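In the two complexes below, chain A is the common chain; its partner is chain B in one and chain C in the other.
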Partner chain A sequence: MNYHFGRGWARWTPFLLLLPGLAAYFVIALGPSLATAVYSFTDASGLKGAPVRWVGFDNYQEFLFMGRASVDNLNALGRTLVFCFFVTVIQFGLGLFVAVIINQNLKGRNIFRTLYFMPVILGAVIQGLIWSLFLYPLGGPLARVLELFGTRSEFLGGQPVEAFAWVIVVQIWANMGTTMIIFLSGLQTISTDYYEAARIDGASPWQVFTNITWPLLTPSVNTNLTLNIIGSLQAWQLFLVLLGYRNGTQVLGYLIYATGFGQTSGSVTSSFRQGYAAAASIVLFLLVLVIGTVVQNVLRRREARILG
Partner chain B sequence: MSAQTNPLRSAGKPIDWGQIGSYTVLIVLAVIYLGPLLMLVNTALKTTPSFMRDATGLAVEFSLQNFAEAWNKANFPKYLFNSILYTVSATTLYVVMAVFVAFPIARGYVKYAGFFLTLFVIALFLPPALIPQFQLMLNLGLYNNPVGYILLFVVNPIGIVILVNYIKTIPTELDEAAALDGCGYFRFVMSIVLPLIQPALATVIVLHAIGIWNEIIAPTIYLTSKDYYPITRGLIVFQGVYGSNWPLLAAAVLMLTFPMLVLFLFLQRYIVAGLTAGSVKG
Partner chain C sequence: MKKTLFSLLALVVIASLSLAACGPAATQGPAATPAPAAVTLKVLVHQNPPMVAFMEAFNKTFQEKHPNITVDMSVVNAGDLSTVSQTRLAANDVDVVDIFGFANAAQPYMKKVDAPNWQQLIEAGLLMDLSDQAFIKNYDEATIKDAGSYNGKVYAINLGRVSYSGIYYNKDLFAANNVKVPTTWSELVAACEAFKAANIACMTAGGKDGWPIFVGAYGLIGAIYPDQAGLVEGLWNGTIKWNDAKSLEMWEKMQIYARDMIEPGASGIPGDGAPGRFASGTIAMYPGGTWNAPAIDEAKPSFKWGFIPFPGSDNAEDNKYLFGKYDQGWAVAANTPNKEAALLYLSEFSEPANYQAFANAVGFIPTQPTAKLDTAIGAEVAPYLANFRVGYEQYWIAPKGAGQFANPWASYFKPYGTDDDPQVLADKVQADLQAGLDAVK
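The block that comes next holds the complex of A and B.
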């Protein structure tokens, strides 16, 4: 494009002013991100000045195939997939359902929309603490509800599977609003003419949904599925706040953090195995890459079939 | 949906079962969204003995003492100051750099503009930078250092993409006219482009600032000394000490939640704009 702000040396001004941002990005984000692969082949620790040696594929081998620890690792990997599956399916379904309902001409719809979207601003710490209180086992609100049914629960302090399930619930509570908002913006792009025509033809609400709304919502469906899947594969902040590093509940993201930086927050532990943690990061990255690519392919084909 | 007429209704208006169903769903969900918050408020207003006796009973005592106590014990002023310092300085640094990255890329004023943009988009799919980033900070002596902590947050690729997309909607004739009038590049960006891209800028600022404010992993990794803790980390520490004293903890949490929720009402549209701008390219 024609540049109007001078010639000769002055032509370099835009580039020179772009440099700080670009440099910061390279040094702080892009470089370290790529260097993760390099670190995964070393025995780097988190100690300043400690010698670092190449260890080839040892970290990967240990992570995947060595004894009890690798069983734990693979369990965490499986849990990551389970977490991703439930969060994606429920959040996607609920977000879509609520968006379709709110998109009707109802009184107070803005209030409901704002309410469901609100947790987005709170962040994992406040979300987690609020729910820890809500799930207070000794006569808290949900404990009371269970009492009505003659049963009780330790919630977050209960069996690992149960605690894990509650993290899924809080994760969905916190992020369903985002999915809903993206669907709502998609719904608003659908011309009302279609609905008008369907109404004249006497189509049932379900027919309207499957023949008009769902296919025309394809772009938002793609966005939401991609965001939900990738997001939930990498999310672990709520595990940190709600459960801490508890056996039987760890997901891959938390495991990477724990092996790289010591398991407990507060007091420093000795296990700063950062080369190993880098290898675990690459495993998670490959998981995201493979699932992301497959999903993208499926979604593209579907889009071509529907809209093409 | 059947449209039966109800003879008892004067105008013979049909009962809209669809609408009743819709409201039922919305209200049930509203309870799930409000319930935890109401519990928080109620608990914060109770005394500890009363909470132990009956956790869900209404806070008739209406005690405000928890707030004063939490404020003092939680070291709130210090942590809040740190959070504000990190959020404001990192966001300011980031936004200034981001505008000077996004503008020439959007206009094609630098060579390989398309390639640069791709570089930023790529970051969204690469492995987490966690480990090498830590090694970098450690070796630069920026570990447990507020400056190092701020530097972690002067990067945000999504913001660049949002800005580039928005700047593309601004007519290039403007550049020409300004240059003819003898306006330099730097002054043009600062005094003409900046005001014009305010909506996108607001979105980027809000998204970035919220991210820093709520960050919990980075402070856990990078800040070991209590003097540097942001409020998120401070809350976790407070929970560690007073975790069994829910009224006190609830008061602490509420003092941070309430301003965020008020802020949310004002910032909501910028967050929504950011989400939908990000999803358009999807």
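The block that comes next holds the complex of A and C.
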């Protein structure tokens, strides 16, 4: 057998080249993840020098089964799934629609591409600030529009369901650009020959989309669905920036942050409970793992069926 | 080449030896005082505009007096202070931290509760023991004991008490609309109705930050349960319930407060924007903390305001209490490499003249016995100081397993929450609390 890197010690070259990447992965990703799993069985506060005691499954027992708090946690888990569903479906659909539109030979399409992508480069704090101003209930732009119809709303500070819906809107606005760009790059890899042949055969635009564009976009569809699902399951920053810790609005990602950093009770003296937060993280990880695996399987089969 | 290198080396060695030989002669001259080493002192404070403005001026003076020290002050939102303190103390990236008065300590009747974060910081060895520092003697003994000590050692100096159970009122609007300053709940309701009839918003609040929307309700709780420590103990041992007759009266009043008194849209006003909105003169009242007074004055110095305890009861005698807490304090990172500079900073801050200027700037009720209540807010709260009590939230720790509604917050009511029936809400709150009490039995 011929080795590309030669014989003897030279055969170790590919492993050596992999080493920096693997080391970075262990230090930045796998290491902390394993540490989180270990911490979830302790009462760690996250403070350097603080004693850490092994508590077995106590954190999991408390998170999943203890009193009304566990029901609230399960509600947050359910809310996470609802958030994931709406964000994924709408962001995916909207991203595809916009990508198809701005893939046409339109005037000023680069400007539109930039505009749609721009929210992606803003940080969560800026995104939150923009929407807080837009939704300011005392004379903000949307409040003025509602006034014209003789109605009003507290928006982010009002009914939990409405506040939650606004976070879905902002999450989609903030990330739709990425979905759009992935679809756009997918669209640009489809040869124009197919479209030309379809046109000669007299295919309608809908037939062109369903029989050419959609099947050939399969790799982009898979990438976008996976990214949207995982991204929305892990969302927490916009909840922090837009709503803070409010009853009836928390998702699992934000609950983990709030618990770990003592922000759940509204008191400035809340304890730091990073062991407990780590247990909640593992629950979230398992949720992402199960959903991610199922989705990946379904998508892989679909890709094999369509593209062979 | 080798020869040249060797010659150069030999030259350096000879020159070094010659200089070393000159050494003793050099010590015969006048002794040079070593310049103090340059120090960057990292200070962390929470956002409170008048306090930040004072600290910037204090830092400038401090740096002029000690040119080798540069103060690098970071400002974070009050809600993020504990998180940032935790991470920066753990990373040894801060020297002096702003820390709220020690509160929410576990009581003997509480079961399986977690230690408050200040206790966790001390037990992790992250806060310096200040017990032997001379400047702590500038503060009154009770404050040092109640708000900055743990296990007999002093870890923080607390800089002032604040009350959050009062209401600012607009003197001009009250006079112009012939409305009497309320001393009872019925009078407060009547005042709000009078202002609403005149198309004037009754109350505003900085609801965007969450807690300010219900801060006025602390007065309501206090009027009904003046013994706040007793209330917490009663809730834990079951002798007081959030759905008993007495508490139901509180919920009914909270609903009126949330639904009819606070102006619509208040949930969008940032906490530090509310004083300015009140100072604009278009709103009759503002339930806020005593620390808001300097911001009101700064927004409009000519604005005439007064401050009264929240009249939560129809018996005026029940409404003479002010509830509050120990606010900001200073602690020093145990592992600071700049110990001397950090202690010097606190020592100079604690000098009576500096402290008085600070108390005047932020409107705190002083914790140095020699300081005077020289401020407008000081004059307003002075008649009630004998009735100052530490508030419910400084004692309360929810039992593990309690639901998220196990608190007496007015924000559960519409339009901020989903509830519009006091009895239903009272039952829900008690059920959430009881679930926790049962879980830790």
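Just so it is clear, the second predicted complex is superposed on the first by the 271 of 308 C-alpha atoms of A that agree within 3 Å, B and C clash if a C-alpha of one lies under 4 Å from a C-alpha of the other, contacts with A are read in each partner's own complex, and residues count from 1 in each chain.
Methods note: contacts are C-beta pairs under 8 Å (C-beta built on N, C-alpha and C of every residue); 3 or more make two chains touch, one makes a residue touch a chain.
Predicted, not measured: the structure shown is a model, and the values here were computed from it.
Novice: By the touch definition at the top of the document, which applies to A:Y136: first (chain B), second (chain C), both, or neither?
Specialist: Once the two structures are laid over each other on A, A:Y136 reaches both partners.
Novice: Using the touch criterion from the header, give the chain among chain B and chain C with more contacted residues in chain A.
Specialist: B
Novice: So, A:R7: does it touch chain B (first), chain C (second), both, or neither?
Specialist: A:R7 contacts neither chain B nor chain C.
Novice: Name the contact category of A:A278: first (chain B only), second (chain C only), both, or neither.
Specialist: Only chain B; A:A278 stays clear of chain C.
Novice: Return first, second, both or neither, reflecting whether A:G157 touches chain B, chain C, both chains, or no partner chain.
Specialist: So A:G157 only meets chain C here.
Novice: By the touch definition at the top of the document, which applies to A:K48: first (chain B), second (chain C), both, or neither?
Specialist: A:K48 contacts both chain B and chain C.
Novice: Please indicate which partner A:G248 is in contact with in the superposed arrangement: first for chain B, second for chain C, both, or neither.
Specialist: Touch status of A:G248: second partner only.
Novice: Both chain B and chain C contact which residues of chain A?
Specialist: Of chain A, residues 46, 48, 136, 138, 140, 143, 261, 265-266, 268 contact chain B in one complex and chain C in the other.
Novice: Show which residues of chain A lie in contact with chain C when the two form their complex.
Specialist: Listed in rising order, the residues are 45-51, 62, 66-72, 132, 135-138, 140, 143, 152, 154-160, 244-248, 261-263, 265-273.
Novice: Per the contact definition, I'd like the list of chain A residues that touch chain B in the complex.
Specialist: By the definition above, chain A touches chain B via 1-6, 10, 13-15, 17-18, 20-22, 24-25, 27-39, 44, 46, 48, 97-98, 101-102, 104, 106, 108, 112, 114-126, 129-131, 133-134, 136, 138-141, 143-144, 173, 178, 181-182, 185, 204-205, 219-220, 222-223, 226-227, 234, 237, 240-241, 253, 256-257, 260-261, 265-266, 268, 274, 277-278, 281-282, 284-285, 288-289, 292.
Novice: Note which residues of chain C are touching chain A in the complex, please.
Specialist: 78-79, 81-83, 86, 89-91, 100, 102-104, 114-118, 120-121, 123-126, 207-211, 213, 264-269, 393, 396, 398-407, 412, 414-418, 431-432, 435-436, 438-439
Novice: Under the definition above, what is the set of chain B residues touching chain A in their complex?
Specialist: Residue positions touching the partner: 1, 18-19, 22-23, 25-26, 29-30, 32-37, 39-40, 43, 54-56, 97-98, 100-101, 103-105, 107-111, 116, 119-120, 122-123, 125-136, 138-139, 143, 151-152, 154-155, 157, 160, 172, 175-176, 178-180, 183-186, 188-189, 210, 213-217, 220-221, 224, 232, 235-237, 239-240, 246, 249-250, 253, 256-257, 260-261, 263-265, 267-268, 271-272, 275-276, 279, 282.
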